[in-house]
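In the part that follows, the structures are each spelled out as structure tokens.
Next come two complexes built around subunit A: one with subunit B, the other with subunit C.
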Partner chain A sequence: MKVKIKQWNAVSVWQWDVPNDEVCGICRVPFDGVCPVCKYPGDDCPLIIGKCAHSFHLHCLLKWLETETSKGLCPMCRQPFETADDAQQQQQVEETQRLHHHHRRTSEV
Partner chain B sequence: MSYQRRIMKELERLKTAPPNSHITLVEANDLETWQIDLEVNNDNPLYTGKTFRLQFIIGPNYPVESPQVQFMPLPARPIPIHPHIYSNGHICLDILGDEWTPVQTVASVCISLQSMLGSNDRDERPPDDERYIKHAPKNPKQTRFVYHDDTV
Partner chain C sequence: MNALPKRISKETERLVKEPVPGISAAPHDDNLRYFDVTIDGPTSSPYEGGTFKLELFLPEDYPMVPPKVRFLTKIYHPNIDRLGRICLDVLKSNWSPALQIRTILLSIQALLGAPNPDDPLANDVAQKWKEDEKTAIQTARDWTKEYAKA
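Let's turn to the complex of A and B:
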């Protein structure tokens, strides 16, 4: 029997790379759902992951960080909130500086 | 009130599954003002056998901003005697002010208050009680409490 495919629809699912049962600690909505101001999950309502490994909806966290009471701290652990990216970047900058420094030192000799 | 869904969830949970049997939601006619009965969950002689009434006012920016929380005097609902609780029901507790974070909930505040009472052995009001209640604002959040004593 020969089958000829005339038409097909691609269907896919996605989810954020966080444990399934986790909710945003600020709005208490699952991470795969949206923050209270957004309509569509995904790129429109992204997550932010801190260096401290705590995640929130970006929009929820920003609302908190805008307040004076937040003092820039993570709502979970009260450490200064830094994104994992910031930390990585900082490391890269330090690495480059070290290399640069090393390079200068060797060229001076 | 953008966090309405979270507030509704909290209310539902407090109704159906409160953190312990000494925390009872009495009334929440709207999503804004909640009345909760609180008892200690240990045998602290200062408070056993007594029930206290807490009032939470959930503002439009909750949970980014802390709720307004105080004890309410009612017949059979005294204001607990505690060195951080004023006789008008205002409470000097850091997590209700400077140390608030939005991962806290009405239930977690109740638990904190329960342990604040449960661990207290001083049968006294704050030293500045008389002066404070004379001029206290209606909303305790407008008071700049100084959290000077962490031993209680």
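Let's turn to the complex of A and C:
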């Protein structure tokens, strides 16, 4: 049987690549959902990951850091909140690569 | 009036479905940010056997700001004044949006079990607590019997 495709619709699913929790520790809405202010998930309502590895909706965290009570601390671990910077992310990537490499070598033996 | 944030409805739902032992919290029908709360006095504390009524209000900016909580039942405690206001770090400077209604109420219950006269709110009570702890504890027991019995 021959089928002729006249029309097709592509459907895709996305989700944030977040370590640990599934919900924002501030608004308790899943990371793939939106902060209380936004309507649409995705790039309009991004996430932020701290050096401490805790993640939040960016808008939720900024609102918290604006308050005096926050003293600039992470809501979860109360360490000064610093963004996981590129250098650190790079290091993580390298570590993963090294692990893969190591794994490959051991499996060759 | 603004819609109730998801976080508040989630917290309320869980408080009702999986209540904390010795603690109850129910929102008013006409104001879902205003809760009637009861806390049972911890065992082997002078508040044992008492059920204390409190009111809890979630301000517009919650969870960026802590809930406002106050004892309605009269209580003799160095960190609770005659208006029922509570001196507790997590209700003020040590608030974090990672805390929630249930953890705050647990902290208050713990405060009943561990009065701290060195960080007083009710100065007269704290002074008594330091000078003559035995009498102070007896007064706390008497007040529990008189004001906190169901």
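Simple rule for what comes next: the second predicted complex is superposed on the first by the 82 of 109 C-alpha atoms of A that agree within 3 Å, B and C clash if a C-alpha of one lies under 4 Å from a C-alpha of the other, contacts with A are read in each partner's own complex, and residues count from 1 in each chain.
By definition in this document, a contact is a pair of C-beta atoms (placed from the backbone, for glycine too) under 8 Å apart; a residue touches a chain by one contact, two chains touch by 3 or more.
Computed from a prediction, not measured in an experiment: that's the story for all the values here.
Aligning the two structures on subunit A places subunit B and subunit C in a clash.
By the touch criterion defined above, A:Val37 lies against subunit B but remains apart from subunit C after alignment on the C-alpha atoms of chain A.
Once the two complexes are laid over each other on the shared chain, residue contacts for A:Pro75 go to subunit B and to subunit C alike.
In the superposition on chain A, A:Val29 makes contact with both subunit B and subunit C. In the superposed pair of complexes, A:Pro46 makes contact with neither subunit B nor subunit C. Look at A:Thr67: by the touch rule set out above, it reaches both subunit B and subunit C.
Shared interface residues of subunit A (contacting subunit B in one complex, subunit C in the other): 25-29, 36, 60, 63-64, 67, 69, 73, 75-76, 78. Subunit A makes touch with subunit C in their complex at residues 25-29, 36, 60, 63-64, 67, 69, 73, 75-76, 78.
Listing the residues of subunit C that touch subunit A in their complex gives 5-7, 10-11, 63-66, 92-93, 95-98. Residue ranges of subunit A in contact with subunit B, taken from their complex: 25-29, 36-37, 60, 63-64, 67, 69-70, 73, 75-76, 78. On the subunit B side of its complex with subunit A, the touching residues are 2-6, 9-10, 63-66, 97-98, 100-103.
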